[in-house]
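The structure follows.
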Amino acid sequence: MADPMRVRATESGGVVDVKILMKHDMETGQRKDSSGKTIPSWHIAHVAIKAKDKEVFRGQFGTAISKDPFLNVKFKGAVKGDEVVVSWVDSKGESRTDKAIVS
Amino acid sequence: MKSQYWRLAFGLITSFVVNSASAQRVDLEVQKILGQSFQAKGIAGLDRLVQDENQALCSDEKLRSSKAGLAKQAQLQKVALAAIKPPSDGIYVGDWKSGERIAQSGRGSTWTDAANTTNGGSCYNCHQIDKKEISHGNIGPSLIAYGKTRGYSEEITKYTWNRINNSKAYNACSNMPRFGHFQLLTEQQIKDVLALLLDPQSPVNQ
Amino acid sequence: MIKKILVGVIFSFSHSFVFAQSNAEEIAKYRQMIADGNPSELYEAAGEELWKKPAGPKNATLEQCNLGLGPGVVQGAFAQLPRYFSDTKRVQDVESRLMTCMETLQGIASQDVIKESFGKGLRKDIEALTAYVVTASKGAKVQVLAAHPQEKKMFDLGKKIFNYQGGPMDFSCASCHAEDGKRIRMQDLPNLTLAKGAVEGWGSWPAYRVSSGEFWTMQRRLNDCFRQQRLPEPIYGSEGTIALSMYMAKTAHGGVIQTPGLKR
Amino acid sequence: MNKQRRSVVQITALIGLMVTTGLISQSQAQDWNKAAFDGKSLDDVMKALGASGFEKSNAITLNAPDIAENGAVVPVGVVTSLKATQMAILVEKNPSALAAQFFFPEGAQPFVTTRVKMAQSSNVYGLVKADGKWFVASKEVKVTLGGCGG
């Protein structure tokens, strides 16, 4: 199973700031292993963020997003104590969902 | 297997101690711990922990700056200078473009390198050379306009040749590797690096 | 002639100085931009899980591990390492101590960690555990006085290894880390022989290495330093590596721990 | 083509709402913008995004360093005063120029920061789609060689 994310959500002046770290190798498909074989590309493809059952952000990543991806986004429509849910799905169909409480 | 390696190295170390006991003190305790703390990997064998006279002297902070140490340094410099060979065909200046590539490369001789990996000079790690390369170190002096400021005389050319071959011929405890002495660079590579510094067409001198 | 050379030298010096300074500012800006969101946190989280999860032949957790401040105390423990442990009769750094705990509490042989590669298997677990332990000392002050005779001995040994030149390039740790204001390429080299530099170096490792995208412990940092020195490989958790850590930690005594850092 | 894509996005968004575990539905996962991510050059990607007729805009701020200490991690942020519905980050000299694409539903602020890999020094582009049109800001990021290089 995929490793957990770190999700932080803080609210200030009505805007919720979400910072996410995802654990993923984000293989480019350009690297070679020690025996000279190309390591196939393997990357997070979709990221979605929801608050109060409403989608507040969606993104698609290519292989050029850095290993252990970082994402910082902002949205309106949630307050302290609300739950923010973050999900990703990678190019092999593996996925991960984690939550954070807005502080 | 491992212990076999270190015993081999320890044997080497011990024999070295006997050979050079008169030259300087070798710390047996340190040698012993090092022998136990390292393992051979790839092309980097435990023999690399065996010091020559120069390394042993310069590793001893107190001794190297003592009166006896300074005298020893002067003697080592003399020996080093005498051992440098001029280019076999008498031509000092090679191709500066190749020299720039050598100066940029920090590859070779590590345990992750193959035995036949071409060594780089790692020059930019420590020196500013072509001013267009902003990622340069400062352990060694800036070499910008090297030939332009010093001139392209035979004297400067020979000095530069010597310095790349064995910097320790001028300063026994210099931080610069002995590229010729340890055959880290080939004769042609040294010519090319020299060209980077002393070819009037080289970007270093623009 | 001499005048001409002098002018040239001064010109090139001032030129490179201004150039280097603006670049240094830009690099500082870059570091600032990535400081927020250090992936070390992912390793720390994994380490915390490993700390609390029963494992090994004895199916036990590491929660009773004594890192020097008593069984189970993680907070501030890294700040007083390396130190002498009477149960093992050795001076140990955080990684070798974690190996001891794995062995005594969980029944996992230290040799199984030592023979692994960095980032793999049990070694990877130790790395994550290290991330967890060191993060619990972030902001604390280094408390390493090397008062115990064994600690003092390790400090002296570490200093000698620090200065020990070898290999085909004549490098020692001191070749790069014994003067202020030095750089390799654009990377600042802390002067580890003085308190200020020792805090910068010792206090900011372990760190997440951007270039490899991995969390690097001090053992791994040292391992790659020796690789670049063209020397053979230091054995994981060996006396020589712990001696070097003792040398750095004692020199850094009193400085604030910034680890886990975020490095090139 | 563009219109069609937008309707696909809307439909899949609806499906997404119905999925209770995880936020990304299967059809959404299949909706990955392959043509744009496979595009090699800047032009390829602009075409695939329907952004060929883009305009430069001062209303977009592209936050990226002048010099990156390492190409493996280059922070890039896009923020705009435009009413953005989509954004994209492109690195001109990467093997495939498109690094990421973002969608902003109602409530989302037109702000995103992430980190990209850069194979070499290159121009980086921040694209913003607002009122059905694409706007662009760009900046050069120098990637330096670092460390001992061994």
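We just call them A, B, C and D in the order they show up, numbering each chain from 1.
The rule is simple: a contact is a pair of C-beta atoms (placed from the backbone, for glycine too) under 8 Å apart; a residue touches a chain by one contact, two chains touch by 3 or more.
Everything quoted here is computed from the prediction, not taken from an experiment.
Set against the C-alpha centre of chain C, every other chain centre is closer than that of D. Chain A and chain D have Cα centroids lying 15 Å from one another.
Spacing of chain A relative to chain C, judged by their CA centroids, is 30 angstrom. Between the Cα centres of chain A and chain B there is a gap of 48 Å. Shared contact sites, meaning residues of chain A that touch two or more other chains, fall at 66-67, 70, 72. Counting only residues that touch two or more partner chains, chain D has 67, 72-73, 115, 144-150. Residue numbers of chain B whose C-beta contacts span two or more other chains: 110, 112, 124-125, 134-135. Taken as a contact graph, with one node per protein chain and an edge wherever two chains touch, the assembly fits none of the named shapes, being neither a line, a ring, a star nor a complete graph. Of all possible chain pairings, those that touch are A-C, A-D, B-C, B-D, C-D. Within the complex formed with chain D, the chain B residues making contact are 104-108, 110, 112-113, 120, 122, 124-125, 134-135. Within the complex formed with chain C, the chain D residues making contact are 63, 65-70, 72-73, 75, 115, 144-150. Per the touch definition, chain D reaches chain A in the complex via residues 13, 16-17, 21-24, 28-29, 32-33, 37, 72-74, 77, 91, 94-96, 98-105, 107-109, 111-118.
Touching chain C in their complex are the following residues of chain A: 3-6, 19, 21, 23, 25, 66-68, 70, 72.
The residues of chain C lying in touch with chain B in their complex are 4-5, 8-9, 11-13, 15-16, 19-20, 23, 157, 160-161, 163-172, 175-176, 181-186, 189, 226-228, 230-235, 238-241, 243.
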